[in-house]
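Below, chain A partners chain B and then partners chain C, in two separate complexes.
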Partner chain A sequence: MQAIQSFMEKYFVPVAAKIGSMRVLIAVRDAFVGTLPVAMAGSIAVMINAIIRDMPGQFNPDYDVSAIPVLAQIVAVNGFVWQGTLAVAGIIFAISWGYNLSRVFDVDGLAGALVSLATLIMGVQFAVPDGPWGWLPLRHLGAMTYFTTMLLGGLSVAIYIILIKRKITIKLPDSVPPAISKAFTAIIPAAAGLYAAAIIYYIFSLTIGAEGTFVIDWISEVIAAPLLGLSQGYGAVALITFLVSLFWFFGLHGPNVLAPILEGIWGVGQLNNLNAFQEGGLQAVMANIGNPNMQEATFLWVRGSFDAYAWFGGSGGTITLILAIFLFSKRADYKTIAKLGVGPGIFNINEPVMFGLPIVLNPIMLIPFILAPLVATTIGYLATIWGLVAPVTQSVTWVMPPFLLSFLATAGDWRAPIVTLVAFAASFVIWAPFVIAANSQKEAE
Partner chain B sequence: MITINLAQNQADAIALLEAYQGGDFSYKFEGKQGIRMKFSVTGDPEQAGKKAKDLIKSQQWGTNLYFNVMIG
Partner chain C sequence: MYDVMFVCSAGMSTSMLVERVKKEAEKAGVEMEVYAMGESEAKKNLDKPQVILLGPQVRYMEFAFKKMLEGTDTKLGVIEMRTYGMMDGAKVYSQIAELLGL
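Here is the complex of A and B:
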């Protein structure tokens, strides 16, 4: 065990730390986090609609929310919130991406945000053949544009950053107010970045896109589809669960380090599920599983699935560890930590346990800390894939207590908390022997 | 006294805090046991703890560290 730990500390952790501190990856992570206030508002709107519009229909087929005063108006208001948030998640992400990418390289974030947004809009379908001109279709403004934004928006913002750094800018006298000076400084770099993107769009339209394919659609097909397809396999789901635990164990913030993958792949899938649910409820979500059109495709396993079935009480499923300590531990120190940890643990915060026992760098805890979420994920994954439970279609904040979290995340599927309970029981069985083993460790000391 | 539970970059964190000269607090490394590092501080320990957390998080090596700061 000590040898494995030494090996990991020597070779794995420094590489992970290095990757985790790369500026571009920090920008990716912060870009996703930056969309959170708006994305959560949209998620709340969709969830409220799920509760008052869709859930009652499971129990009463004659239920029609549009005939119920107040509720009908709430649904309508939520529709506006959704329209300005999740429906145009691509616009919001483009702004966040440009801003954060510029910020990590210490240049003006606002101009970077605008460059990134303008780059995205360049690629949007602007006219329908033989139809109206000058409108922006939602399918080019949603989550599937994230990949285009990261690539082409990344390129144009990178050019903007480089030119700013090399001072290829318009210089104004010191007497000019800073706000004006800053805007003028950005003119040449921003224009260069935008023209570079525009030339790429143009060349694409003459070659690959000659038949009318758009860059956004093409990137969705060539890059997003394979990645999202891969994300639905058990191997990828298990691997990410394993890595998150491993990072935590070695004192690195697992979801932070892996945010570009977790949010960039599974998070995008979740946004598609949310949008499909808002448009047509669970039926629309289920009907679009495996849809080859990535703008409309929905997915069985998404970002929130991990929270619903694997990370109850925090990473490692540590609420079950706390339960095992209450039942089996003879150690006063463990019991004290468990008492301190149970309150936060109900809200999936496990810091007292992680540092109190500790679990971080504690060889005796490595195996259950990795194994318990892996088994829990497997249970949740199989239940979802086999259709025993509805897929996650709602974004629920991770501090929601475990069983309620899976219930709400699946838009009120009563089977979801049962699946969580099975995963919970399996985690408990994994943790218990190690708690008992820790008793004898104390005696030995 | 504050305790920082930190598994990685311990030497970096010690050097960073001991070199801090913001004028509001100063930190002196007193010793460590595993992931637990103890620092004596001047000024309000709670504020000093918050400052220490911010300082570590603001470093490039600190952005993805999982750690906490306790008073005492």
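Here is the complex of A and C:
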């Protein structure tokens, strides 16, 4: 056992770690994390509306929130919050992406953020032929622009970063205050990056876009649509569940390392669900499943679905492991860890079990750690696809305790916690034999 | 006043360990500043701490840190995985004390 462990530590951990510490991937991850404060405010607004506007309608078809004082006003205020946050998620992401990409390469973040934002806005439809001029339509500012931002914004910010690093900048004497000289330093690199993006937009408009297609629409059709289509298949859902466990097994925070994929694909799908829900409740979400127009399409399996049905207590569904230890373990070391891990575990934080038991680099625990979430995901996936439960339409912070999480994430579908319970039970059944088997193992010193 | 830095990747549960080590230091009557930093932040702040402890998530960086710390008096250690998992503040504190020669 010790030999296997040191072998893996020597050959596999560094490879996994390399992937996890690639600067561009870190920038993508941090860009998504960076949008959180604003995105959460928008999610809360949509969720409050779900609770007071849409949920009572499940039980009373005559319910109309606009006739109820106070509640009607709260719904209106939430509309403003939504408009400034999730409705323009693309703007917020563009800023966060430019900032974080610049920061991982140690250059000024504000200028990078502005370059990225300007690059996005260049591609937005600005005028309607024979119609109004000077509007920015929401459909070009939503989550589907993430791909354009990562590609074209990535390019312009990369040019900005490279020129700064090469010192192709305007130099001012030392007597100039740093805030001013910093801004001057960025002038040439930022302009070069923006011109590069502008030329690409222009060439596109002469070629592929000659019929009036916009880059943002084209990218969502060519890149986002296939990826999101793939994300709805069982294979992709199972694969990412497997990979999250695998990274964790090597001691790396799986959902963190894979955030570019998890947030970039399933997260984008979730934002579309949220926006559809804000506009027309669950009905609007269900009506747009499979809509070929990516700006309006909604999805059955999204980022929060994993949290709702598979990763209760953290990746691996480890809260069920803790329960199994409390019930079956005779080992003092396991019980100590379980006691320590149950508190954070309720909030889906599982570092104590991961490193304490440990699960990390423990070949025996690898089996249930991969199998349990796979089975749990399958249960949640089938229940959602078969329509036994509403899809996830709300963003709920991942530290929300299990059951409550799936209830809120589905905008209060009472069947969701039942599906979670089934997945929970299956996960428990998979963990339990390994806990019992460990009883006969010699206790680690 | 001693300065001790923990290095981890995400820092979710490391802050829990930080609190426990602080308590141990208090118990021992040693003035000690303890804090956790992500790996990239840590690399920019190498001149401050006397002791740097790597969490088990980033123990593969031991070699890189050793190289960066060459020629300085900063002591480097790795927190053992189970000690980390158990959030064993006393054990980590004694590791720090040993590195500092207290």
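The rule is short, and it goes like this: the second predicted complex is superposed on the first by the 428 of 445 C-alpha atoms of A that agree within 3 Å, B and C clash if a C-alpha of one lies under 4 Å from a C-alpha of the other, contacts with A are read in each partner's own complex, and residues count from 1 in each chain.
By our rule, contacts are C-beta pairs under 8 Å (C-beta built on N, C-alpha and C of every residue); 3 or more make two chains touch, one makes a residue touch a chain.
Keep in mind the model is a prediction, meaning the values are calculated, not measured.
A.B. asks: Let's test your reading of the overlay: on chain A, do chain B and chain C clash or fit side by side?
C.D. replies: clash
A.B. asks: With both complexes superposed on chain A, which partner does A:Trp248 reach: first (chain B), second (chain C), both or neither?
C.D. replies: first
A.B. asks: Tell me which partner A:Ile216 touches in the superposition: chain B (first), chain C (second), both or neither.
C.D. replies: Neither partner.
A.B. asks: Just checking: does A:Ala158 make contact with chain B only, chain C only, both, or neither of them? Give me first, second, both or neither.
C.D. replies: Once the two structures are laid over each other on A, A:Ala158 reaches no partner at all.
A.B. asks: Output check: A:Thr336 vs chain B and chain C. Expected answer is one of first, second, both, neither. What do you get?
C.D. replies: The second partner, chain C, only.
A.B. asks: One more residue to check, A:Met144. First (chain B), second (chain C), both or neither?
C.D. replies: After superposing on A, A:Met144 lies clear of both chain B and chain C.
A.B. asks: In the superposed arrangement, which partner chain does A:Leu371 touch: chain B (first), chain C (second), both, or neither?
C.D. replies: A:Leu371 sits against neither chain B nor chain C.
A.B. asks: With both complexes superposed on chain A, which partner does A:Leu117 reach: first (chain B), second (chain C), both or neither?
C.D. replies: Neither partner.
A.B. asks: More residues of chain A are touched by which chain, chain B or chain C?
C.D. replies: Per-residue touch count on chain A favours C.
A.B. asks: In the overlay, answer first, second, both or neither for which of chain B and chain C A:Leu357 touches.
C.D. replies: In the superposed model, A:Leu357 contacts chain C only, not chain B.
A.B. asks: By the touch definition at the top of the document, which applies to A:Ala308: first (chain B), second (chain C), both, or neither?
C.D. replies: neither
A.B. asks: Which chain A residues are contacted by chain C in one complex and by chain B in the other?
C.D. replies: Touching chain B and chain C on chain A: residues 13, 17, 20-21, 26, 251-253, 256, 351, 354-355, 358, 360-361.
A.B. asks: Taking the touch rule as given, give the residues of chain A at its contact with chain C in the complex, in rising order.
C.D. replies: Where chain A meets chain C, its residues are 9, 13-14, 17, 20-21, 26, 104, 251-253, 256, 336-337, 340, 344, 349, 351-358, 360-361, 444.
A.B. asks: Tell me, which parts of chain C touch chain A in their complex?
C.D. replies: 9-10, 12-13, 16, 39-40, 56-61, 81-82, 84-87
A.B. asks: Could you pull out which chain A residues touch chain B in their complex?
C.D. replies: Where chain A meets chain B, its residues are 13, 17, 20-21, 26, 247-248, 250-254, 256-257, 351, 354-355, 358, 360-361.
A.B. asks: Which part of chain B faces chain A closely enough to touch in the complex?
C.D. replies: Residues 5-9, 34-35, 60-61, 63-68 of chain B touch chain A in their complex.
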